[in-house]
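Below are two complexes that have chain A in common, paired first with chain B and then with chain C.
== the complex of A and B ==
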């Protein structure tokens, strides 16, 4: 087996988005490096693809936001290396896909854009300008069998359980210990595009476990400068080290003093989280 | 949950919850399965089966259910407007507090 990439496409053969997933998958399969995985057979008899999956990284192509292909990978606990959603790509091109299967300029443009996205997944990014703190000290509290950690200082949080830590006009964003424990094993990190400008409380991609998808709600406004590419191979770093190695996005800040108006410092978030955890279990 | 707040502002003063376009909704109920906060309710006997039962349980600024929606039937209020409104309420409350202190 020489294939180094496995492609698992949506199987929605009766709808336009599904048909486009199929067309993208067939294009990709022209390459000798790519092994196609049929979602129906995978679901029925995983062992059929065991060899291919062991040898290659998994790329998932979802047709629409029902995300059947992603969910199937999640259910089978397959680590997803790269992922693309045909309907999301169509949206960025301002193309309405509709239900009926079509072969025209619009659908061809979507197929090309999805292919370009799959091939450019290793986006160029500048060297990190963020100066990492030397050692982060934590406070913790326990609730039942869970222990929740919150840094003692230098981190700020929104009430959506996302943090930001600042060095000069640069900052890093991630999720709190509470989020990673709630999701349990994180299988995939869907990062934003480098260069994207965003407002406070816009979403900055998402992280996904077999249990759920969690939207990263940005604590600050700014521009995406880098994403944590080490999470491609090791998304479990978000579980193991949510405040340090598991950072998600590096950003250039726009107006942090304005953002801070709607953020908690560490002691305030610690209190907020204690209340939240107590309330949820009641 | 009655005393819940977002950044110190009472939750029921913040208008943030999903809006469903029933001309697009296909009754798949993925949003109901997805949301862990009991925002939605399903009534098998009602005409649209799906209902936004507890809008104030919705996590302010969370739009995740809209992303799980295959037919794209869920929208949310404008985030920038909502942010502005929360800031305005906080400012007014701080000013009121100060005034109360000054009058003591």
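== the complex of A and C ==
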């Protein structure tokens, strides 16, 4: 855990999951290094927490998938360092959280699992084996006030606007310039777990802006070996450098030659994107 | 889905003991004192603007139960929906100093805290009954 953390729980009262978010937050707040943020007071009087937010990383604990705490952080344009969803954690434990607020073995197990997730957010990951290209050259086209960039070579795209670039049997995955412009200011990247195995077109985490959540659809199959941890502190790198510094996930490829059949190379994606932008009329 | 036509919103309760008491008092009303008769509205959801909470508070009488004199719940209802039908400030029931003590997990509550919860829930029930009598 970092030395200073701000915890923003959803604090919902309607469902057990909301109450558990509060319980986790209160447990975390036992540490002097943790500042507790009330979502309602934050909304009403942000200045009350300015100092704490400036000094510490923000961890958001949502109770359910309405994600009130995340939405509040997004509305206030707060950078989220880490995010946990109590209902999602309960699901992985095969525990069903109902409406009634309960204090039993199940809810205690969920609280402990959420605490463990918050505390281990900076999971160790292996040194990157990916060899970065020296320079990436781009082609671009404009549509209205927007200018879209696509690399000239060595990148492959699916039609969900996610890219992969390959180095030996390692690859990096990210999202295109088109996605980052659509999302606008990216506030949070929710990566997959290191070690996760996935198929081509599986969900590989998500990125979130104040406008929307975008699911990363993997262009390849393989195993997650690293995530771009620099995005924890600077998710805006996805906006600033979507094809280079803003890469999302590093993977060990399973069979790229097979995956490639369903991907566009750079010139083909360039044409595909031109058509798409014209049709959608961004 | 909200079927009952009197709403109640508790303060979020992260800043002080009064908030903890307000949350528990509302749960007590919902589960023990007025089961099936009251619609609890989630304040964070109310503020986020989803789930029909604001619309409910606009149409139907809604009671605010606040932990301290900041009255976050009351202010939120008045800002986003309508005038409150009734308002409870836990600090007025248990004293300002007590209300501003640190928030507690339900596991650490003492008999004294439970007594505060009972008092707050009883006062809220009285307001509820008065509103119901006028309907």
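As a convention for this text, the second predicted complex is superposed on the first by the 278 of 282 C-alpha atoms of A that agree within 3 Å, B and C clash if a C-alpha of one lies under 4 Å from a C-alpha of the other, contacts with A are read in each partner's own complex, and residues count from 1 in each chain.
In the analysis below, contacts are C-beta pairs under 8 Å (C-beta built on N, C-alpha and C of every residue); 3 or more make two chains touch, one makes a residue touch a chain.
Predicted model only: the values in this text are computed from it and were never measured.
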item: Superposed partners chain B and chain C on chain A - clash or fit; value: fit
item: Which of chain B and chain C A:101 touches, first, second, both or neither; value: second
item: Per-residue contact with chain A, leading partner among chain C and chain B; value: C
item: Partner chain(s) touched by A:271 [first = chain B, second = chain C, both, neither]; value: neither
item: Three-chain overlay, vertex chain A: chain B-chain C angle, C-alpha, nearest 10 degrees; value: 90
item: First (chain B), second (chain C), both or neither touched by A:65; value: first
item: Contacts of A:77 with chain B and chain C, given as first, second, both or neither; value: neither
item: Touched partner set for A:26, first chain B, second chain C, both or neither; value: second
item: Partner chain in contact with A:240 - chain B first, chain C second, else both or neither; value: neither
item: First (chain B), second (chain C), both or neither touched by A:159; value: first
item: Which superposed partner A:262 touches (first chain B, second chain C, both, neither); value: first
item: Touched partner set for A:197, first chain B, second chain C, both or neither; value: neither
item: Chain B and chain C, minimum CA distance [Å, superposed model]; value: 5
item: Footprint overlap on chain A, where chain B in one structure and chain C in the other make contact; value: 66
item: Sites on chain A touched by chain C in the complex; value: 9-15, 18, 22-23, 25-27, 36-41, 43-44, 66, 68-69, 71-72, 100-101, 103
item: Interface residues, chain A side, partner chain B - complex; value: 64-67, 87, 158-160, 199-203, 206, 212-215, 217, 261-262, 279
item: Complex contact set, residues of chain B against chain A; value: 1, 6-7, 28, 30, 34, 36, 59-64, 67-72, 79-80, 83, 86-87, 90
item: Interfacial residue positions of chain C with respect to chain A in the complex; value: 10-15, 19, 23, 26-27, 31, 40-45, 47-48, 50-51, 70, 72-73, 75-76, 103-107
